[in-house]
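This is the structure I have questions about; it appears just below.
Per-chain numbering from 1; labels A, B, C and D assigned in written order.
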Amino acid sequence: MKNSAILLVSCPDQKGLVASIADFLYSHNANILHADQHQDAELGLFLMRVEWDLSGFDLDIADFGAHFAPIAEKFSMQWRLALSSQRPKMAIFVSKYDHCLVDLLYRHKSGELACDIPLIISNHEDCRPLAEFYGIPYHCLEVTKDNKAEAEGAQWALLDEHGVDFIVLARYMQVLSAEFTARYPQRIINIHHSFLPAFLGAKPYHRAFERGVKLIGATSHYVTEILDDGPIIEQDVIRISHRDALEDLIQKGRDLEKVVLSRAVRWHVESRILLYANKTVIFD
Amino acid sequence: MKNSAILLVSCPDQKGLVASIADFLYSHNANILHADQHQDAELGLFLMRVEWDLSGFDLDIADFGAHFAPIAEKFSMQWRLALSSQRPKMAIFVSKYDHCLVDLLYRHKSGELACDIPLIISNHEDCRPLAEFYGIPYHCLEVTKDNKAEAEGAQWALLDEHGVDFIVLARYMQVLSAEFTARYPQRIINIHHSFLPAFLGAKPYHRAFERGVKLIGATSHYVTEILDDGPIIEQDVIRISHRDALEDLIQKGRDLEKVVLSRAVRWHVESRILLYANKTVIFD
Amino acid sequence: MKNSAILLVSCPDQKGLVASIADFLYSHNANILHADQHQDAELGLFLMRVEWDLSGFDLDIADFGAHFAPIAEKFSMQWRLALSSQRPKMAIFVSKYDHCLVDLLYRHKSGELACDIPLIISNHEDCRPLAEFYGIPYHCLEVTKDNKAEAEGAQWALLDEHGVDFIVLARYMQVLSAEFTARYPQRIINIHHSFLPAFLGAKPYHRAFERGVKLIGATSHYVTEILDDGPIIEQDVIRISHRDALEDLIQKGRDLEKVVLSRAVRWHVESRILLYANKTVIFD
Amino acid sequence: MKNSAILLVSCPDQKGLVASIADFLYSHNANILHADQHQDAELGLFLMRVEWDLSGFDLDIADFGAHFAPIAEKFSMQWRLALSSQRPKMAIFVSKYDHCLVDLLYRHKSGELACDIPLIISNHEDCRPLAEFYGIPYHCLEVTKDNKAEAEGAQWALLDEHGVDFIVLARYMQVLSAEFTARYPQRIINIHHSFLPAFLGAKPYHRAFERGVKLIGATSHYVTEILDDGPIIEQDVIRISHRDALEDLIQKGRDLEKVVLSRAVRWHVESRILLYANKTVIFD
C-alpha cells in the first residue's frame, strides 16, 4: 500500500517558490511521485500539489510543520498536509433516491475511494438494507419543518462522535441551514442535477425539459450558504432529443449524477482540490 | 441531383393519421425516401416529416395543396411543403468576429448547405475581403444608437429585394428590434456563446470563467422578441480546466460556435426542424 | 403499467409498405404510441418498429399473425411481435469482475430494465452475496479446459429449465463455444472493453495503454462465432491522458462498460434493435 | 507580445531533479509562467516542460546551453529550448480535400497558431486560390508512381530553401517514402480519418460504415516509417447512427479532422509535446 504525503500550497506568486519547496523536499530525501502546479496570472496566485513517498523521507512527518514553517512564512503560504495512511472519514447523507448511494458504496468497497465511511444519515428508512449489505451503520433521523434545528443538532452529534471529516450529500433532499454549512466549510459535497448555473434550485429536469435543451447536465460542488452557488468541482452532460420524455431525462441524468459525484468525492479524498475565488483547481 | 419533396406536418394526435398520409402518398405513387414522426404524449401532439422522390410521383407538385387539403382539414393539420429544387435564400449578418462566417461560407461552397446566399449584411467593413473571395455581395450598414430604426429599414429593403427566406446571425453583435424579429418568425437563427439558459445576455465566456464551470457551451436558437429565449435548435459543450485562461475559453468556444451554428443552419435548410411549445423537434 | 405491442419488420424496400402497415393497424383501431422506420437506400432495405397501445385494439393479439400474414407475405417481410406484458427472461453470466453485474442488478431493481432475471451463472463464487442481496438464484459452474463441453451442457440445462430468452455476458471471462453461440443467435450480448474494432481480443486496456491512445472505449455487441466480431449495439469513449496509469484506464473503463452494456440490454429488452448486414439499427 | 523561453526535459527519474532545475532558473532570476512535469513510474522516466518570462532573466539566452550543461549532464537529460520569439516554420502538404487547409490557414491568420507558413506544397492545383487569398506561396508538384523519388527531391529542395521546421499533412494523399520520414523525425504531423488503431490504412470511413460502429474518429499523429503507427498526438470521436449514410460519416468526419489536426499543430508549435516509448505527453 502506498505510504505517501501530499502537500497542498497556495500563496501569492513570486520567484523562488518552486525552488524553495523542491529544495526543502530534496534536502530531506523525498522521492517525489507527482507534482503539479498552477499559476493564475491575473490574480497573481500560485497553487501547488506535491506528493512524495515517505519511505526514505528523513523527517518525522509529525514534525513537518515545524520544519516547513520558515518557508511557509517567507512566502505567506496557506498549506495543508495529507497522509495516505490517514484515510478521511466520510459521512453520506441520503433521502429516498438511492442511485448515488449505491454507486458510492460500491466504489468504496471496490477500492476506488480511499476513505472510511463511519455512517450514513438519512431522513428515510428506504436505504437501510443497502447500508446493511455494505456493513455501514445507518442512522434515520426524520426532518420536518418544525424539528429542523433539533434534527441538525442530532446529526452534528453523530458526525462529531464519529470524527467525520467531510460530508457527501448523495441526493439528500433537505436544504442544510447556514449554521450547518458554516460548520463544514469546503467539506460538504453536493450533487445538483443540472448543468449549473442553469436550472438552480428545485426540479431542474422538469425545467430543462420545458426549456427544450439538447443536453442535460449534473454538477458536483462544495456547499456554501447560498443554494447551488458553491465552487464547482465537476460537471458533465449527456445528449437528449425530442424522443426523450421527462422520465428519460431523469433516467439519463441518474447516470450523470453518479459519475459526476463520484469523481468529486475521489478528488476530495485524494486531496486533489484547491479552492480560490469560488473556483476549484483539480490536480488530476 | 436529388429531386424530392418534404412534407412537414403537426396536428393533434389521433388514430389514422399515419395511414391517411401514407395512403395519400402511395396513391400518387410516391417513393418515400425518409419518414420520421414524433408523438408528444403529454401534449397530445403529432409531428411528422416525410420526404419522397418526385420522379414517378403522379401529382403535379404545384397542385399538392389542393389534393392534400381534405386530409389536412380532417386532422386539423398545420403543414408545409418544401422542394429540394427550391433552394432557400439565406442572408448572413455578421459584425467583426468572422469565425462563423468563414465556416458557413466554406460549408456552403463545399456543398454542405443546400441554400443560396444572395447577400451578407454587416455593420463593419472587416469581413468584406472574405465575402469577395467567395463571391457573395457584401453590404455594410453602420448601426448606431441613433440610426437603429433607419438601419433596420435599410436592411429590410435589402432582404426584400433579394427575396431572403431566412437570416443567420453569425456573431452579429446588434440586438434586433421587436419589429425586426416579428417580421421573420422562426426564420432568424442566432448563435449564443453559452450553454443556454446559463449565461444569458452579454459576455457569457467572462461569466463562465468567473463562475468556474468545467464545461463551456454554445447554443443555436431561433430568435424571438425575448433575448436568448427562443427555441433551442442545437447545443454542444467542451471541457475546460483551471489551465484555461479566459482567452482559451474564447478560442475553444469558437470551435463550438461554428459547429453548433452550422448544424442548425443545415437542419433549417433541409426542413428538418419543427417547432412546438417553444421547443424544436429535429428530424435528423 | 403500459400494455402495448411492438412490431418489428424488415423487408425489401418498396412502395406502399408504410401505407399497408398503417392501414392494417388503423383498421383494428390501434393507438400508435411510437413509430420509427429506416430505409437503407444502398441495400434497398426497409426496417420498421411500431408500438401501439393494446387497449382499444380490436384484434386478439394471439391471432395477430394470422391476420397480418397476407401483408407480410405480399412484401416478403421478416417480422416479430413483442408484448410489453411478456417480460423477456435474461440470464447473466459473470466471472469475478462484478461492476457490470452490480450495475445491471441495480437498474433491474429500480425498474430501468423491463425483464426478469431467473438466474445468474458464474464460474466463480465471488458474486454470490450480491446475487443473494437482490434475490436472484446464483449457479456456480466451474469451467476448465477439460470440462468445457460438459460445463456448457450444464449451463444449457439451466437456461432451458428457466426458459431464458437471452444472455448477457457481464464480463464473463470464458469464450463460448461455437455450438453455444449458434444456440442463441442474436440473443447473447457481450461487453468488450475497447472501442471495437480496435484492440480485439485479450487485454485491450493494456494494449490501449501501450499504443498511447487519447481515448479509451467500450463496445456492447451481439456474440457470433467469431470473437468480438458480432453486430455492434453501442459504443462510448472517455478521454485519458498521460497522467492516467494503466489502473486508471481500467477504472475509467469500468464506468464506460457499465453504461454501454446497460444501454444495449435495455434496447434489447425493449425490442429496439434490428439487425442487417452485421449491423444494428437502434430505434430509440 | 510574450517573450518567453520553454525548456523541455526528459531523463531517468531521480531525486533532486526538480530542485536542480528550479534552483538554476531561480538563480538567474527567471519568472516562471508555467511548469508541468510527469513521471512514468513504470519506466522510471521524468519529463518536464517549464516556461519562463525572459524579461528579468539575467542569462543571455544564447548562452543557456553552456550554463545548463552541468545539470543536464549530471542527470543524463535530453533537453530542448524553444523561444517564443522564434516562430517555427511550418510547411503544409495538401492534395484535393481542402477542409483541413482552410481551417489551418484561418487559424493561422486569426492568431491561434504562433508559427510562420512559408509555403504550401500540393500535387494538385485545386487549393491555389485559397493559398493566394491568404498570401501563402503555393507550389504544385505532380507526383506519380514513376516520379516519386524525383518529386520528393523537389519537395526537399523547397523545404530546405525555406528553412522549414516541420510539416503538416493536411489530407495529403501520397504516402511519403521512408527516406522522407527519416529526414523529419517527429516533425511530420498527419491527420488520419479514423480512431487509430482501428481502420489503419485506406478508406477508413468506408470500413467504419461497413463495420457498423456507433462512433467515428480522427487521429493526429507523428509520421514514422510504418503507416499510421506513429505516436498519437490527439484523437476525438463523434456519434453516428444508422441514419447516417457513408457521405454523412465523411461530412461529420471532416469537422473532427479539422479540430483534431489543429490541436496537434498548436501543441507542436507551442512546444507542448514530449515523446517517449512511441507515446506523447501533452503539457497543456
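Keep this in mind: a residue touches a chain if its C-beta (ideal position, glycine included) is under 8 Å from a C-beta of that chain, and two chains touch if they have at least 3 such contacts.
Note that the structure is predicted; figures quoted are calculated from it, not measured.
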Pair with more cross-chain C-beta pairs in contact, given B-D and A-D: A-D
Furthest chain, CA centroid comparison against chain C: D
Distance from the mean Cα position of chain D to that of chain A, given in whole angstrom: 37
Multi-chain contact residues (two or more partners), chain D: 41, 243
Parts of chain A lying in touch with chain D, wherever the complex brings them together: 15-16, 18-19, 22-23, 25-26, 29-37, 39, 41, 239
Touch list for chain C against partner chain D, complex: 38, 40-42, 195-199, 211-215, 217, 231-237, 241-243, 245, 277-282
Residue ranges of chain B touching chain D (in the complex, touch as defined): 98-99, 102, 106, 110, 112, 129, 133, 243, 251, 255, 259, 284
